[in-house]
Amino acid sequence: MLRAEIELVRGTFEVSVDFEVADGHVLALLGPNGSGKSTVLSCLTGLLDPGSADIRLNGRALAGLPPHARRIGLLAQDPLLFPHLSVMDNVAFSPRSRGESRDKARTVARHWLAEVDALALADRKPSQLSGGQQQRVAVARVLASEPDLLLLDEPFAALDVDAAPAIRGLLRRVLRDGPTTVLVTHDPLDALALADHVAVLDGGRIVERGVTREVLAAPRTGFTARIAGLNLVSGTATADGLRTESGHLIAGMPAEVSAGEPAVAVFAPSAVAVYPHDDDHPGSPRNTVHAVVAALEPHGPVIRLRVTGEGWARGLTADLTPAAVADLDLEPGSAVTLSIKATTVSIHPAAGT
Amino acid sequence: GSDPAPAGSPAPEAKTLTVFAAASLTESFTALGKQFEAAHAGVTVKFNFAGSSALVQQLTQGAKADVFASADQANMDKGVKGGVIDGQPVVFATNKLTIAVGKGNPLKIAGFADLTKSGLKVVVCAPQVPCGAAEQKVETATKVDVKPVSEEQDVKAVLAKVQSGDADAGLVYVTDATAAAGKVDKVDFPESSGAINNYPIAAVKGGQADLAKAFNDYILSGGRPELTKAGFGAP
Amino acid sequence: MPAGVALALVVLPVAGLLVRSDLSRLPSLLVTPSSLHALRLSLVTAGLSTVVCVVLGVPLAVVLARSGIKGIRVLRAIVLLPLVLPPVVGGLALLYLLGRKGFLGYVLDLAGIQVPFTTAAVVIAQTFVAMPFLVVSLEGALRNGGDRYERVASTLGAKPWTVFRRVTIPLLLPALGSGVVLSFARALGEFGATITFAGSLEDVTRTLPLEVYQQAEVDVDSAVALALLLIVVAVVVIAVARPKALDAAG
Amino acid sequence: MPAGVALALVVLPVAGLLVRSDLSRLPSLLVTPSSLHALRLSLVTAGLSTVVCVVLGVPLAVVLARSGIKGIRVLRAIVLLPLVLPPVVGGLALLYLLGRKGFLGYVLDLAGIQVPFTTAAVVIAQTFVAMPFLVVSLEGALRNGGDRYERVASTLGAKPWTVFRRVTIPLLLPALGSGVVLSFARALGEFGATITFAGSLEDVTRTLPLEVYQQAEVDVDSAVALALLLIVVAVVVIAVARPKALDAAG
Amino acid sequence: MLRAEIELVRGTFEVSVDFEVADGHVLALLGPNGSGKSTVLSCLTGLLDPGSADIRLNGRALAGLPPHARRIGLLAQDPLLFPHLSVMDNVAFSPRSRGESRDKARTVARHWLAEVDALALADRKPSQLSGGQQQRVAVARVLASEPDLLLLDEPFAALDVDAAPAIRGLLRRVLRDGPTTVLVTHDPLDALALADHVAVLDGGRIVERGVTREVLAAPRTGFTARIAGLNLVSGTATADGLRTESGHLIAGMPAEVSAGEPAVAVFAPSAVAVYPHDDDHPGSPRNTVHAVVAALEPHGPVIRLRVTGEGWARGLTADLTPAAVADLDLEPGSAVTLSIKATTVSIHPAAGT
């Protein structure tokens, strides 16, 4: 088990976090650029010296130990392969450092290189690799170090459509009965796939934490909702929905909230259907609202629409297939009507923070 | 001369004689060392040539040597004062100043007084080194005020500048001008006899006294031709 | 353009030297036993002191560049001292330390060890003057490179010595190449400290520069010719040794 | 450990020097006009020649490190020549080049310019011996650093000169710091080439090291004291100048 | 207009491509790790010297020119901000190099920093930025160089959920009447959003190219289908679908293909519905097949299921919402039934390659 309490001032930036990760479990650290994720990982490895820290890994106090004695593996945002060593020797570096024989270390290295599908690159120098190839080798190198605690800083950023799922699968296999892990990611669905728990960092503090599925399904701050890619409208809970600040009523499924309480309506962008503005909507969806398309952003296999509009329509997002976007001929400025089925909207108590 | 080592005696055990000698003795002492070795079977002579002041410094710091030959009295006196000299130093050679000029003496320098000619580039030794001190002595005696363009650290530097043509004239020792014969010409001047430089030699305390004495005697007696060849005067 | 001027500043004087010196005498000078002795001694001692410089200087450079101690600036300034010390004074300092009457030399003397006027003294004198060259050029490179790879290595479980051996040193190779060249060259050309501390005894302490000095007493031209020999040796050593260090670093 | 030994090798002799020298005489030595003149001259000439070294040496180092020309190895070896040349021989080489009968000096003489025996000659001699130090330490750093940032700069539309001025040089600052220290120190301590090429005349060409040697002929102790002055000057200059260069590079 | 013909050998890797991009248009370069995308960009900038190249930008022949004279901006995979310059000076670097006054350059820099939402970081040194912040500054820096040709190498990899769409929006605005652009990406939907045309690289060669929507909707090689994230089953075309190699019939919409021809059935993972294995399927979907879940990978806002199974089920992928995955309690090894509506399946002639 990892228990960490870390306080640190870095220029004008302050980090103050505490968290634990149970033995063999995976904690996902989410948060926007510059929220302190990499900083927290650096403190754990001992590369940064926090102002005050109490870090315990399986009972061992780590705070004073030098990095090499911590048995913590870090896959940083920059692969930083040793430029003077071949790919093979990069991966064999850690086994060699642990005192394995040359042959044994190479066997270990070959194993992990095969796992990341980079065995064919074994004899190259890092300067002869593409960005994604470097990243894969870096993954193999950190896994070969067999750490007690594994720290992964956006391991999928540079990988292609074939490599990313492969590495994800590899990590899942390794992590199943593997080391305790902290995974930094910008993708809430990486968290969903790999992590039991998430902690959401913002401005150096943990603003939300809990079991992954619960946090992502029921974000308690606007920030977390955005991270999770969900729509969030705040207002007051009613018996069967939410009254917005602008006075509109949103039908939804109240969850652990009583009427009259401050609350938020949460729904996924994928639950938002988009129609041309002049259509009328005789169908089942309870919630319809007029809006204007502000932006179209690809988001995985879908296009995410951001809209502006009156009242609660402002800032909503909707995920559409490219085909739908094409069919509806949507572009910034198009007037649309959004419709959201009430069954996809959940009403949560507003987070205290 | 008398040869102290009895000729025909059974080959003595191999010995090494270490001689600390002033750099200006390099050529003559190297030759004399060979002669001495030839006359004394089993003896090897090793030289440590450097500036006299450096040699004294080394001796007072405990350097092991048998003989010390200095290029001036002052450094030998330092050695005596420092307690590293055994017995009384003896002067074995003298040296005096001469004017080194370019080959053929293009500027027709005839004597010491000519060195004050305007536009003439004269180099001398710094007053701190023996040749410079000697030059000052001559200046004082003759009341000729030479304005050098440079006061060199040693005679070699003076010679080098005359040789390269950058200096028109330089005050050097006869021995130096002799060694460089063919590259510079020398203009002897009578006033130089007022500043004779003495070369004393002595045995070093803690050295092999017998061998040192043998060497010193050899220099004083049999060394003359070689020293004269190099331009040294008799004591 | 400035690069050209810089080059001219170096090349022209040496060319002048070549033009003026009597190259035909070089072979005959070379084969005299004393120059051969001096050459051998110079190569051996300069090589040895370069090795000592590397063994002692590399760790010192790493300490200077990486350690965060407060007094490190003072330490750095001290390390640079031999650079400015006139070599003869450096030799004196060594004599005061290791001479029979010096405070370390006295102790060594009791143990029957006498350093001055031995070949070891030559190596010590050369190391003393040459090491700062190695340290300074390495330290600059270490600071330039940063310690990112060293940090990665430590998270991979490499102990400081392993990091040093397998990451710091290999990454430092190009700079180490320069440093070695500089210190070897400095050791090879060393004169003042050697003649003061080690004296000038043929085959024991009379290195090539001392031999050049000796020759200059006799004949400046032959001294110049000998100096050219020194140059040739240095250039050969540099041309042979240096590219290897560079190539190794890829 | 080796770092400690290395440090001891430098510190102990200097400490020995301090112990043995009569510090109480330092002030009286310092205020003699000749030492003051020598000190001033040394600082001025060493400063000037360091500037010249930087102006000429930095471009040369960049050419050596970056250009892909075939003959670059030979060029590099040539640049290193003054490192191994005994300084006196270096001085001779300069004399043969710029002396009245030298092949460049002859031309200059016709134009009424005479270099030897002037302060300019001191600067030239110091530059000649000191520049390789700058070039070598820079070249190592340039190779270590690679040219990634320079390439980025060129894609941003910066012409080679802009790249050099705004990227190469700033990134080179730590190494430039070392290089400047090295060459300044070498220039400050320069003796052999100076006395050979420029001579020794108070207030014109007699720098502090020349004064030290002069003194050593009369009285070793006062020479040592003067050398200590030289050291103090160097340490002060280094301590003041160097950290700035380092800090600038962050 | 950019016209490029590039041949290059790099170790054992050979690149041989030719392509054109019309004035002001955007070409997306897709392809797996190590396919040569970054190499092609390097050749365009002149940082790599190709064995033979003919590159013309608006009629100017670039092949011999040094990089600074090409007016080509490159945003590389590694941000490589100048470590000695502040963020502001990094962005002002290019205007300054063009000869703008200090003030003018700073004004330009401030503009672009504001666009990438990094104005607050203007006085920092790059070492004081997080990974994503560096990437944003690098975007600002390259845009401030106002190139004739803009090369973007995975500009979104390090960005968070807020920054990525913002930068994407910025790029779309800039590119609308901006420079001719080549965009390297691993995400086919980045291509869809930003590029008119795509070229797909594999092993140093362009294996497919065309109008973005057409290529992504109708991939002609298995590789391109995988890049585009689509399912692809090969067989023989029938009147209303495809007969697989295992003899099964898949209903679909034939497109420009006649019966009897070798063909592929193409359908999006998002079109695949997943049911528990024991359910029967009385509904409309024409195609159902039994399968076993092999892996679950997050993919943008959805979870992508990879399945194994008999016949054509092998290797199919399905995109589900996390909630659906959770509801169905899917995990590797779960037996499922897949159902795909015929309207979402298109039948294409098999590509010759």
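Letters A, B, C, D and E mark the chains in the order given here, with residues in each chain numbered from 1 onward.
We adopt the following convention: a residue touches a chain if its C-beta (ideal position, glycine included) is under 8 Å from a C-beta of that chain, and two chains touch if they have at least 3 such contacts.
In this text the structure is predicted, and so the values were computed from the model without any measurement.
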Listing by label each chain that touches chain C and chain D gives B
Chain-touch separation of chain B and chain D, in steps, is 1
Between chain C and chain E, the Cα-mean centres are separated in Å by 57
Chain-centre distance (mean CA atoms) for chain B and chain C, in whole Å, is 33
Each of the following residues of chain C touches two or more other chains, namely 88, 92, 96, 102, 171, 213, 216, 220, 249
In chain B, the residues touching two or more other chains are 57, 160
Chains touch one another in the pairs A-C, A-E, B-C, B-D, C-D, D-E
Per the touch rule, the chain D residues reaching chain B in their complex are 92, 95-96, 99-102, 116-117, 195-196, 198-202, 205-206, 210, 213-218, 220
As the complex stands, chain E meets chain A at residues 10-11, 31-35, 37-39, 77-78, 124, 128-133, 136, 153-154, 157-165, 168-169, 186-190, 192-193, 213, 216-217, 226-227, 229, 268-270, 295-304, 306, 319, 321-323, 326
Given the complex, residues on chain C that touch chain A span 148-149, 151-160, 162-163, 166-167, 170-171, 173, 249-250
Per the touch rule above, chain A residues touching chain C in the complex are 45-47, 66-68, 70-74, 76, 80, 82-85, 93-94, 96-98, 125, 127, 141-142, 145, 147
Listed in rising order, the residues of chain D that touch chain C in the complex are 1-3, 5-7, 9-14, 16-17, 19-20, 55-60, 62-63, 73-90, 92-94, 96-98, 102-104, 124, 127-128, 131-133, 135-137, 139-141, 143-145, 171-172, 174-175, 177-179, 181-182, 185-186, 188-189, 191-192, 209, 212-213, 216, 220, 223-224, 227, 230-231, 233-235, 238-239, 242-243, 246, 249
